[in-house]
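You will see two complexes here that share subunit A, one where it goes with subunit B and one where it goes with subunit C.
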Partner chain A sequence: MAMVLDKTHRFKVIAAHAGLIFFLALTLFPFLMIVSISLRPGNFAAGSLIPEQISFEHWKLALGIGYTDASGQWVAPPFPVLRWLWNSIKIATISAAVILLLSTTCAYAFARLRFAGRRLGLNILFLMQMFPAVLSLIAIYAVFDAIGSYVPWLGIDSHGSLILAYAGGLALHIWTIKGYFDTIPVEIEEAARVDGATHFQAFRYVLLPMAVPILVVVFLLAFIGAIIEYPVASVLLHQEQNLTLAVGSKLFLYTQNYLWGDFAAAAILSGLPITVVFLLAQRYMISGLTAGGVKG
Partner chain B sequence: MATLTLKQIRKQFGEVTTLHGIDLDIADGEFIVFVGPSGCGKSTLLRTIAGLEDISAGELAIDGVRVNDLPPVKRGIAMVFQSYALYPHMSVFENMAFGLKLAGMSKTEYTPPVTRAARVLQIEHLLERKPAALSGGQRQRVAIGRAIVQKPKVFLFDEPLSNLDAALRVQMRIEIARLHRELRATMIYVTHDQVEAMTLADRIVVLRAGRIEQVGTPIELYHAPANLFVAGFLGSPQMNFVTGSIVAIDAHGVDVALPDAQRVRVAVDAAGAQPGDKVTLGVRPEHLSLVAGGNAIAAAAIALEHLGDASVLYLQAPGTGETLSARLPALTRIAEGEVCRLGFRPEHGYLFRADGTAFRRLNPLA
Partner chain C sequence: MQRSNSRLGWLAFGALAFLIGLYLVFLIQRAGHSLLALGALGVLGVTTWVFTSERAYAWRYLYPGVAAVLVFVLFPALYTVGIGFTNYSSTNLLSYERATAYFLDQKYAGSGEPLNLSLYPADKRFIVHVENEAGQGWQTAPLALDDAGARTVALQPAARPPAGDKAPMKDVIAHQAALKTLALILPGSKDEYRLSGLSKVAAMAPLFARNADGSLTNRQDGSVLKPDFNTGFYTSAGGERIAPGFKVGIGLGNFERLFTSHEFQGPLIKIFVWTVLFAFLTVVFTFVVGFVLASLLNWEGLRFRGVYRILLFLPYAVPGFISILIFRGLFNENFGEINLVLNGLFGIKPSWFSDPLLAKTMLLLVNTWLGYPYTMLLCMGMIKAIPADLYEVSAINGGGMWTNLTRITLPLIMKPMMPLLIASFAFNFNNFVLISLLTGGLPDFTDSMVPAGATDILVSYTYRIAFQDSGQNFGLAAAISTVIFALVAVLSVVNLKLTRVNASAR
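Here is the complex of A and B:
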């Protein structure tokens, strides 16, 4: 390095590193705490970060195995945690796929087609999304209760209802994808039209392949959103077998007895699908897909 | 292989009218160039022919068949875009084969025409590459190749060379001319570069503000422009204009008085004009010379540019603030402020009426 550096440069580097390490610790601390709680015998929220004694009792319960406690008694798993995890993954995958499908096609219409009320529709969608879902819980309940009396698999306590409810929240995703479509030069699709493509073929074979990174991001956001969502799921799902992990793990926290250890193990499990999906998605989130198509 | 007929083509975007009734007949195999300043509607006209913009009124026929309501591919056209508009996620081969694939051809069917087009354009060695790995000139070849494989009746070019550097532009210009000779297809080419227009065109269509100003061969437009606009648009440096009034008219030309009372003679047919009429004198810079005496304009020099093969002298037009230019032999030496007499032959002059239309020149090719 031949570049001449100021004497204060070294200090600045050290200060920046110290600051970064501090924030890293701040971010990681809650996660490490949960890991620690899940590995600690008994159900205590407080305690040292490094457990004095390692016990897998909470993990055995979470994974549906059961264990023999200190007094020699067999403790059976109280809840079907793995079943909840499966429910969560199923609902998140399907709803994210539905959201992706609908918001991509909607975004294409808003970005490329000219029709009356285009701008108005976009703004209304966005404004309606601003209204928190929590405040409309009662309405959501009533709506699905009514739907259920005609279409049972979309009624209360069905996964269909939850997927449908999640799929409704796509205004933000439409905006995200439309913003990306807007950055792709229209000429490329016009060239496809001249080559004989219909609107749909231009969308499918030309625009979509270029939009893969943003589609992956939207899928990921929708997937994570569905995994961690609590209020709507807690209202629509009732039977223990049907719950998602986010709702189910709350059952470990009775009013009289907070089973922090079991809860912690379940919480870490719910992070698992998110991590896996993220790792899978990462390699599609590459930049430069649209490079070279037009003169920059 | 196709003729095009445009009848009263109009294009409106909401309240704004960009094309005001375009009438044009294009012969089979003709190379037509649309030129005009930015916003004159030349690109819009091309896009309406392509089918990328619908036609608000009027009729467009290709080979006598009305195509107003047909999508681009059914019109038998192919287009090369200014920005190349390649598909960035496809290889060069896939880019060129895309249209044929959409038309339902199998790989064995579309491979020969694609490789043939690649050979013609000398891009065979690039077929596996993605557009991002190509230079600007190579990308433009791919865009042209994509048009060729479609075997269109009409090729449309929308300023295809304006993104290339000067040397490459000359080379591609020659190649497009060669392509036209070989394919013998009808081509319509939009540009704002008058050199491209002059060199490529069988006929040039000069557009201004959504109207056709003049249609003609490059030579016709250069020597017999219909009006001030066309005269000023073609030629570089631009034609010099000086306002004045007619002093005398005879069978061999007109005497014009310039604002500072200088008199010059122009060989035009001034039938219908009267002495005293306001006119505009036009002289091309290449027709002015420093030879003293005779038919000349005296003006003060402002600046001198040496181009190597020639020098361009800029002068203050007599009586007005306008700048004149004269293309003089190389290494001419003139001091700033020096008053020069710039002579020209009367048959080299142009004269325009107050409404901008040109008087007929008596000997335009002299």
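Here is the complex of A and C:
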């Protein structure tokens, strides 16, 4: 599209760039600051954005190593950050696998099979994302407290309970996978059926291999969802060794025990990988979400 | 051949699963939960039907997921509503049966004469020897007195004390903890003898006896405790409530307390107003910021749009619990970097966490920061979908940027945007993570009897009542949750209507 560009146009471009850069400076300030703080010695050190003196003490603590401070005293890590990271990854991996398994089969039924209550079911699933688990916390606590008196490894303060509590979070993922199944032509499966495949074989050997990308994305989204979940985990987990990252990180910033620098290093250490995974998966999430929102 | 093999495999797998299910039902039945066992049998039956009947074919795929949703999402939600009509709390934690069992387990030193206890070392273990005033004695087999855990031990008659020396008193004192857990049974008697002094054991009898009408008689002083199913306590004749209480339904009691009692009504109204305001302003701010950025990024005259897009999206990609805590540190009144900058530039140090208005401002700032990338992405998609010829027509007719914005872009994206904005409102209405991690609801109202904060929204208030400072009042908290359920349900219906309208318009 050829257009005559006048001076006001160039001025507008410059103004837009300036505005965006100013806005970005404001929004990215916290991230730059946290990197700087993680490299400053001490937990109360103030200073400019680029630290005058670089120290890796906070990073050593975050990695669980410990260090000797200026007065020759051994400083042990305040919290088992790596242990929390491991707990988070373990819980998130298992629950994401369960969620993927359950939501894939459900999505297949909603996308390909005809049964009574199909539309209603889809609508209910769509509505369920409006009611977060935080509203049911009391019942979740009471239920797992009761289960725990018979099966301790599924009771309060066990990872099993958290995995079970997360396993019900299917609604959004069913919509996402169903949306993807809808874009795959049904004729391919029909051809397989004509050749004598059962429903299940058409699903397992024809449809699933074509849907691998969305399955990977849903796994990643469920994984991240479990890692960043805070309310349910904070109610079900109590012992310091058992916490997930989302619950444990809060302990760094208590007024009585304010470990700002240590928190900064731990935050980058644990936040960076999750952020990268999220950036890889997010494009599909948005399209899945809006598609789910407007299709019937 | 292969096909029949895999069929056989599935059949074997199904049969195995069925047998395991039957065994579980059997275990539950043997543990004494007949109703639960019946329920489990029902589930097993339905499961078997779903996986064998041709008519239920679609449900083979739906069943596991639907079951998970029912058990872990729908059931807790309904159960929460149910708890809202009970007095379930830290003082009324047990069921009626468990509370009664607690009372019936209480023991007192009965009328029988106490026996003298002595220990005789036997190869790192001890023989417990007891005798009465007349010199008649009984003893146990050698016991290891180091592990804790209640034990019932039978006594055998002993004509004379065991060989060797009595253990000194200090050994008896050292093993008090283990001795206290011992219940000694005399031959031919049912009474338990338990430690009643340093080296004395006495027959213990149940303190309470249950009467036909459900009341409990105290056998020591003859008083009677009656269960009161309105308050969930056993009460004495004088009307005194005896802990532990038990769970009972109290109808609308929690709701009455919330809406009519002076102590809760005031904070509840303030918190509700702030919740709505918080959610509404968040939606407005995130939409405005997101929309402006989206319009800029869709402008083809601008270079480096891809770089801007990724950088602007970053706040959304970083896990919320980390960025919120980063802000908690940055806004710290004494050491926080934001106050350092403000102090350097303008010489002010706002008290972000102790001033209610500033705390609310901070929450809105942080939440806008967290939320604008999402609306920005949504707006970008929708603006792209607007046909370019509309803008060409506008340009031909002399329309400027402002006309384009207000006459074309905004009206066209508002309609598809609306359900998403309502969903965003509902999300922020229940944005527990932000409140909990950033302010924890603080600063608290100074004029309120119950702990409630100026920045508390309904869910965080619920959480405080249930799990933090006000004595774990689950029933009351569940009542508030029920109110929130109702409010969100209304929003959901509106949302669904709007979505349908949009869908049919296409």
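Structure notes:
Keep this in mind: the second predicted complex is superposed on the first by the 239 of 296 C-alpha atoms of A that agree within 3 Å, B and C clash if a C-alpha of one lies under 4 Å from a C-alpha of the other, contacts with A are read in each partner's own complex, and residues count from 1 in each chain.
Here is the rule we use: contacts are C-beta pairs under 8 Å (C-beta built on N, C-alpha and C of every residue); 3 or more make two chains touch, one makes a residue touch a chain.
Since we're looking at a predicted model, the values are computed, not measured.
Contact with neither subunit B nor subunit C is seen for A:S55 once the two complexes are overlaid on the shared chain. When the two complexes are overlaid on their common chain A, residue A:L20 makes contact with subunit C while staying clear of subunit B.
Partner contacting the larger number of subunit A residues, of subunit B and subunit C: C. Residue contacts after overlaying the shared chain place A:Y258 against subunit C, while subunit B stays out of touching range. Once chain A of one complex is fitted onto chain A of the other, the partner contacts of A:A192 are limited to subunit B, with no touch recorded for subunit C. When the shared chain is aligned, subunit C comes close enough to touch A:L127, but subunit B does not.
Contacts of A:P209 after superposition: subunit B is touched, whereas subunit C is not reached. Common to the subunit B-facing and subunit C-facing surfaces of subunit A are residues 290, 293-295.
Against subunit A, the residues of subunit B that register as touching in their complex are 50-52, 71-73, 77-79, 81-89, 98-99, 102-103, 130-134, 136, 139, 143, 146, 150, 163.
Residues 31, 57-59, 61-62, 64-66, 68-69, 71-73, 75-80, 82-83, 88, 293, 296, 299, 301-302, 308, 310-323, 325-330, 332, 335, 337, 340, 369, 377-378, 381, 416, 419-420, 423, 426-427, 430, 432-433, 436-437, 459, 462-463, 466-467, 474, 477-478, 481, 484-485, 488, 491-492, 495-496, 499-500, 502-503, 506 of subunit C are the ones touching subunit A in the complex.
Within the complex formed with subunit C, the subunit A residues making contact are 5, 9, 12-13, 16-17, 19-20, 23-24, 27-28, 30-31, 33-34, 37, 44, 46, 98, 101-103, 105-106, 108-110, 113-115, 121, 123, 125-143, 150, 164-165, 167-171, 174, 199, 203, 224, 227-228, 230-231, 234-235, 245-246, 249-250, 252-253, 258, 260, 263-264, 267, 270-271, 274-275, 278-279, 282, 286, 290, 293-296. Listing the residues of subunit A that touch subunit B in their complex gives 185, 187-188, 190-197, 201, 205-206, 209-210, 288-295.
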